[in-house]
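Next come two complexes, and both contain subunit A; in the first it sits with subunit B, in the second with subunit C.
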Partner chain A sequence: MTSGCPALGVGLLRLAILGTILLLWEALARSGLLFRDVVPSLAKIALALGHLGTDPDFYRNLRGTAAEVGVSLAIGGSIGVAAGLLLGGSRLLGKAFEPYIHYLGPTPKIIFFPVMIMWFGIGPGSKIAMGALSCFFPVALITAAGMRQIDEVLIRVGRSFRARPWQMATKIYFPAMRYPLLNGLRLGFGVAVIGVLLAETKMSNQGLGFMVMQSYSQFDMPGMYALLLVVFALAILVNATISRLGGLDSTQH
Partner chain B sequence: MANRPLAEAKCLPAALGLGGLAAVLALTEMLIRLGWVNRFIVPLPSEVFVSFERIILEENVLSRFLATAGEALAAAFLVSLTGVALGAFLHRHRLLRRACESWVAGLAAAPLVLLYPLFLVIFGRNALTIVMIGFVSGLPPAILKTVEGFAGTPKVLLDVGRSFSLSPSQLFWKIAFPSALPVIFVGVRLGLMFSLINIVGVEFLINFGGLGQLVNELAERYDLAAMYAAICFVILVSVFFFIASEKLERWLLRSA
Partner chain C sequence: MTGGSAGEDGSTVEAAGGTPVLRVENIVKRFVTDSATVTAVDHVSFTVAQGEVLSIIGPSGCGKSTLFNVIGGLAEADEGRVVVEGRLMSGPDPAIGMVFQEESTFPWRTVGDNVAFALEVAGMARAERTKRVRHYLELVGLKGFEQHHPAQLSGGMRQRVAIARTLAFGPKVLLMDEPFAALDEQTRLLLGDKVLQIQQELAQTTLLITHSIAEAVQLSDRVLVMTYRPGRVKRIVDIKLPRPRTAEIIGSKDFGLYVAEIWSDLRGEASLGMKDAEAHLPQAE
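Here is the complex of A and B:
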């Protein structure tokens, strides 16, 4: 096995792995080792996926979740970018307040959900707040780090042309920070999705998280698998799209 | 004397940070006392501070902390064992690595914690569900960093080992593994952070276990001050854990 592994070999191996997993799944489903439908047969999951594709309720809930994630990303992302620019632009402010964001970032945000319910009610507001709170931290930290990485020469060129603060932001800072900003957006999207969906599973009457809990309470296991597959596929797809659109390779930036 | 401005310059950001935090708390206290902020929605910071004693004495916060820590430890053990073994396996089989690495990276970006209703059905509403969620969510970073760690072993070290006619097993245990250990630890630490976040989150969501359940119970009892105190306690525990693991990681990277 040399370093020049042919792409064909990789593709074939992937197909073989997928095939093996599906075969093992089907064997487990038919074995009767687990309670009925805990591992449903592939045919049942495919049927549930087909049913989901034609269910108007699914699209209504998908729109609800997408709107909540979109608004939370817009609010949390813009506040995160503003905070990041402020902290990255001032050494004193960065040293004073960035450690708080750095250490608060990896805390479990879902425990703030009762607070968000008190502040914004049990409707979409509290879910949006959860998503915004979740995505604020990675966006702010990455923006601040990106701000500090800007080549000093570019900033001096902008100042020598007497660029106004707005011109500095749009002509120098944002173009020079496009990779960190997009990376922040990508990470922010990932955590906003988690924040919104988890909040929907806890207390909601709409959204994909609510649908997952409905399947759970009705013991509709094929339906739950189908929903989880769709949610995972959508999350990975949007993540990959943001990376590709921005020319990002997650391992490089 | 010359060092004094330097020391002052170092203290200024910390003082500004702490001062800013104190100012926000004081402002919140004032706004609530003036009636501009509803105290039935946001409790007085002073009440929250006093409630710490109550959650320690009456709500058994320490035994709940131990329950969460036990779950996190079990998940960490599983993540370290499985993640490092799978990472080493992927590194040894290059074709398999090329086929699977992007899948593992995709899983690292997927909202794995959403699997908890499924795990509730499979394992029941008990600690095993929480540990398994912690394990599953912590696994991808541990695998990815282990692969990265082994891939970064300097070739010259391996060549030295081969020149001493070491067997493949000796090459692995005496050279590749020690060399990759600091990066592997970074992965295990990341995995542990993901595990801890999801463990507390699932405890809160399914109302079972340690600290997460405490926050949920206090919210359901509408004991606002104690609920805020419990949230602060969870944050303090997370931050302490994060700082300790970060320091350990730095020490490992320095000594490597």
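Here is the complex of A and C:
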């Protein structure tokens, strides 16, 4: 993606892939092989997208979900970073706690949803709890790993110049960990979205997940696909923004 | 031709002339591992006079870096003490500036901000900081590179940034642990010349740890030879070559004699170290 000519080639290829998928989709929609509207035509989806764009309900639900994701990322992310710093900084704590986090991390958090409903109710509280819980684990693990990756000599440089703990944190630890932290944030965001949306589809009264389930139960397939497209687009947008924050694409480091 | 008296008995070895700035007295450092206790540094004593360059040379694993960390205050000695201008050191101290063997510039900071690091930590005002940074970058020959990032520089230039960063806060003693070890031969020679020039310009009291005999002879007023495990002072050799130490001097007969003399001291220790390394080979992780 760096030099001019191959970049153009890759770009064209990507467009071609997208075009092929859309074509196949449209062909399938028109073939009549599948039950009505299971695969709606592109025109219908576009129309549904247009409806969404003018639907005040959609914006209300979008705001609701965005707020839930934002709050769960803030809560789960900051607790995750704090826990990761503790685990990465202390060999004893790391050894004691990490197996739990490691094995709990990949378990589907949705099994805790009933508990969250009991604790936080059917409203945004339980969705935020799900998002925060999902986001905590990858952020904690990546932060701990990032902390251990810090070039040890840089810490000795800081100590030799008598940097105070706060200066060590802001001038050495955090900048040295910027890529793992950013990656953690990105991963954490991804799973927070999953946690929140999944919870919304299970039991809720608002949010994009709720709208998707509503469209589904009314067999409004174009509307459902339009919603999914919106969720995709938003997720990509936020991911790209987080990557930009680091100045560089974090996968390069 | 041989200089100051020194022995394995651990007697204090006084600086040749002038008042000692740095006094290292009877330093002992042991490492306790599950299997054994290793005495890395065993009753090492010496002094370094104002403006003097003292090199410490010894085979790999003889305790040079351990001594470096103890003198710099990053590791605590089991016995002995370090005194700078009559003040007892405890922990890292602005009187001693360390330059590390490893690549140690901050990759996320520009060259200028790297050099400003210690000043920033000490809370110096920005205007004063900028002035100092400019001065020391010029001193190490990196004028005009302030806005570059370390990744854009060569290894030798990065090591000069590290040296400028340490010199910028004005330490009484410059303490360097094999600062040229990671560099190729030509860069090492050029950087050696540069350090020599800076040292003379600032009359900087310097303690240089190295494993290169030629480097030690070229740069130093005295060379301290360490024994291999436990690391003791084997001998201190006065290098009475005229300054400036130009290319002609390096090619001279006297220079060769000093190198040969130090090598004869070092050779036994180095082969001990090699045997030790070979003996440990099968169990190596």
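Rule of thumb we're sticking to: the second predicted complex is superposed on the first by the 227 of 253 C-alpha atoms of A that agree within 3 Å, B and C clash if a C-alpha of one lies under 4 Å from a C-alpha of the other, contacts with A are read in each partner's own complex, and residues count from 1 in each chain.
Note that contacts are C-beta pairs under 8 Å (C-beta built on N, C-alpha and C of every residue); 3 or more make two chains touch, one makes a residue touch a chain.
If you're wondering where the values come from, they're calculated on a predicted model, not measured in any experiment.
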Worksheet item: Does the subunit A-based superposition show subunit B and subunit C clashing or fitting?
Response: fit
Worksheet item: With the two structures laid over each other on chain A, which partner does A:Met224 touch: subunit B (first), subunit C (second), both, or neither?
Response: first
Worksheet item: Mind checking the angle subunit B, subunit A, subunit C on Cα centres after superposing, to the nearest 10 degrees?
Response: 90
Item to complete: For A:Gly53, select first, second, both or neither according to whether it touches subunit B, subunit C, the two together, or no partner.
Response: neither
Fill in: Partner contacting more residues of subunit A (subunit B vs subunit C)
B
Discussion item. On the A-aligned overlay, A:Gly123 touches which partner chain: subunit B = first, subunit C = second, or both, or neither?
Written reply: neither
Discussion item. Taking the superposition on A as described, I'd like to know which of subunit B and subunit C A:Gly19 touches: first, second, both or neither.
Written reply: neither
Worksheet item: Does subunit B (first) or subunit C (second) touch A:Arg178, or do both, or does neither?
Response: second
Discussion item. To be precise, I mean the smallest distance between any C-alpha of subunit B and any C-alpha of subunit C in the superposed model; what is it in Å?
Written reply: 6
Item to complete: Please identify the positions on subunit A that touch both subunit B and subunit C, taking each partner from its own complex.
Response: none
Worksheet item: For subunit C, which residues count as touching subunit A in their complex?
Response: 72-74, 91-94, 97-98, 100, 102-104, 106, 108-109, 117-118, 120-122, 169
Discussion item. Under the stated contact criterion, what part of subunit A meets subunit C in this complex?
Written reply: 151, 153-154, 156-164, 167, 171-172, 175-176, 178
Discussion item. Help me check something: in the complex, which residues belonging to subunit B touch subunit A?
Written reply: 12-14, 16-17, 20-21, 41-42, 93-96, 98-100, 105-106, 109-111, 113-118, 120-122, 193, 196-198, 200-201, 204-205, 212, 215-216, 219, 224, 227-228, 231, 234-235, 238-239, 242-243
Practice prompt. Spell out the residues on subunit A that touch subunit B in their complex, using ranges where they run on.
Written response: 1, 3, 5, 9-10, 13-14, 17, 34, 38, 92-93, 95-97, 99-100, 103-104, 106-108, 110-115, 117-119, 190, 193-194, 197-198, 201-202, 209, 212-213, 215-216, 219, 221, 224-225, 228, 231-232, 235-236, 239-240, 250
